[in-house]
């Protein structure tokens, strides 16, 4: 089966004011795969993720060169509808960020902002999203209680559900399990493995082990440069670049 | 001779507790005295009849209505402008010289004595705009008086909303307007409500600014252009001129009860929102 | 079209902000326009330092009122600041949670009591007490200071408490871990660290005292004269306006506006200092 390219990053240079954070990056992300993008701290991994949904636009002084194509369209085209883009490419942050409202309202936030929907439509979409995030059974009896009362792991799954309610095409996850315990982490990793059937998933794992557990392919980024990429097992078993093997074996971090 | 730190601590603790006790005593002394003297005067007639005989007899219904109307005008006018300005300053502009100047002005103007606002209101609304002594003059003057406070408290409330909430909003594909109204505003609401309720309390208690702009007529106000005597002003006149101590106490008691209720509502609101979200 | 809705909302907010701020500017300009002519006519020095206030005779010196304002405010500060700081320490450090939940609303309530009620209470209790035990007419600087001290307590307490609470808890933990007693921690570490907030609180409290009218109008005696002692009656800048505004006209009225300008300037200065002190931190 030939997988088509969902996102093509071509020659990306990214700067915050004068500082260059991403250098000459070329990377293809295939549809319905889980790609793990990893590297030591401050290598530009988070920045890279934020370029994919143009959240980097919020930081003053951010500028870029190069192209990022989503299904062949350049997302930095001036005519691009940015809010629309962000609904197609959703993001989950490293800390769970439930908004101070009920579980239901959190997940319904996305659907309610789009086209006019009936109350019933919204309820259905919320249930579907929570189901896909493997949270429905745990919260179905308390949908209208504050989301902040959930445990950390549940809150993060809520954030995933919130994104899923938008019916995106791509899901970006920036170290989603870094604040969670191993059991919650395992639950989320299981959900992601299921979700890749419908979505393209790009994750910045907080450990390399997570990358090897769930990703199909990996990309190793060091100081803003793409060092190596490829099928997960192959890269971890037999890294082509010395820097990759040094990082994987923990010689530096 | 080195004093034992534990002794110093004991003395300090004693002084501090005494200070707190003193303040509570003073508060209770004032409130209990007024309420004790004033509550007996509060009966249905007092609340529903208009003053007669310059306030010697009758009730204070016109003052009650007057107070409510003037406060309502002030709050209705000032709130949208205050909150809107706060949102503009925090969400649509970046921290710069101009925003600092604006913030400085708002903060400084919050400290201007109410009598100065009264002066302005008198010349501008009563004379220049020819509104005369009226609910509108009084309400608009007070709106200007509470505006800086609302701007300041709203701005603070909006600032304490974690930046992450805005990112969440944007990352879900919201426009700026949607992010503000759906993600930021609900979070900032307790703080904003706090500022508004504080301002309501200030309006109810205000005398200096109102007496110069809303006048001191005892009749029941019938239009926004009617003059009126708010409860605080009525109390002042009764007490000062010695017209009727009894009614003065009654008015004061009602004022204090009203302010007490406003404070309770404030605390309840804050608690409800805090538990709903946090 | 989504895009123009965004632009519209931006312009709407801008318009709102602009109107609010221009209103505030208008006030400043108005007061100055109304009051400046008389100041220029009489001369700044004569106005501010003139000892003679007799509007019917054309004398517009406000110095006695300035002394009045300053002495009453100073008295309020001397009486009120120590108590307020003690109470803020009480709230931040010593009060158990149940007491805190009573004391804090109590302070809010204290802040909400109308100033006229304070004045009235002062006339009923403070003034006779002073008259009977200390002499003089009772209507005096002392009476005003006591009332104002009580009135500014909430301002100083709430801002100081916030300043103390906003200190990182690591400060306290580090000090206690070094074996300092609670009070030593407070007085040698926490208070100095919260200094800028507390100073700002005090300045704002002073500003409030200076601007108060109704509370003091009943207890000060309102004599236009330089006081010789704290038992003498005085008139402040604010009460001057409050008393005479009702019947002033022409130059007299302008002079009252000019008094307003002086108040305005002084309080803006105080606020600027308070803000400067807080930013400096």
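Should a chain be cited, it is by its letter among A, B and C, assigned in written order, with residues numbered from 1 in that chain.
To be clear about the criterion, a contact is a pair of C-beta atoms (placed from the backbone, for glycine too) under 8 Å apart; a residue touches a chain by one contact, two chains touch by 3 or more.
Here the structure is a predicted model, which is why all the values come from computation and not from measurement.
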Key: Higher-contact pair (C-beta pairs counted), B-C versus A-B   = B-C
Task = Report the chain whose mean Cα position is at the greatest distance from that of subunit C.
result = A
Request  = State, to the nearest whole Å, the distance from the C-alpha centre of subunit A to the C-alpha centre of subunit C.
outcome  = 54
Query = In angstrom, rounded to a whole number, how far apart do the mean CA points of subunit B and subunit C lie?
reply = 16
Remark   = Rounded to the nearest Å, the gap separating the Cα centres of subunit A and subunit B is 47
Query = Do you know which subunit B residues sit against two or more other chains?
reply = 175
Remark   = Expected list for subunit A, residues touching two or more other chains, is 83
Remark   = Listed in rising order, subunit C residues that touch 2 or more other chains are 2
Ask   = For subunit A, which residues are in contact with subunit B within the complex?
value = 53, 55, 58, 60, 83-87, 90-91, 93, 95, 97, 99-101, 109-110, 112-114, 146, 148, 159, 162-163, 166
Query = Inside the complex, what are the residues of subunit B that reach subunit C?
reply = 5-6, 8-9, 12-13, 15-20, 22-24, 26-27, 30-31, 33-34, 80-82, 84-85, 87-89, 91-92, 102, 104-120, 122-124, 144, 147-148, 151, 175-177, 201, 204-208, 212, 232, 235-236, 239-240, 248, 252, 255-256, 259-260, 262-263, 266-267
For the subunit B and subunit A complex, residues of the former touching the latter = 94, 162, 164-168, 170-175, 178, 182-183, 186-187, 275-278
Request  = Using the touch rule from the top, collect the residues of subunit C that touch subunit B in their complex.
outcome  = 2, 5-6, 9-10, 12-14, 16-17, 19-21, 23-27, 30-31, 34, 82-83, 86-87, 89-90, 94-95, 103, 105-121, 123-124, 150, 153, 181-184, 186-187, 204, 207-208, 210-214, 218, 238, 241-242, 245, 256-257, 260, 263-264, 267-268, 270-272, 275
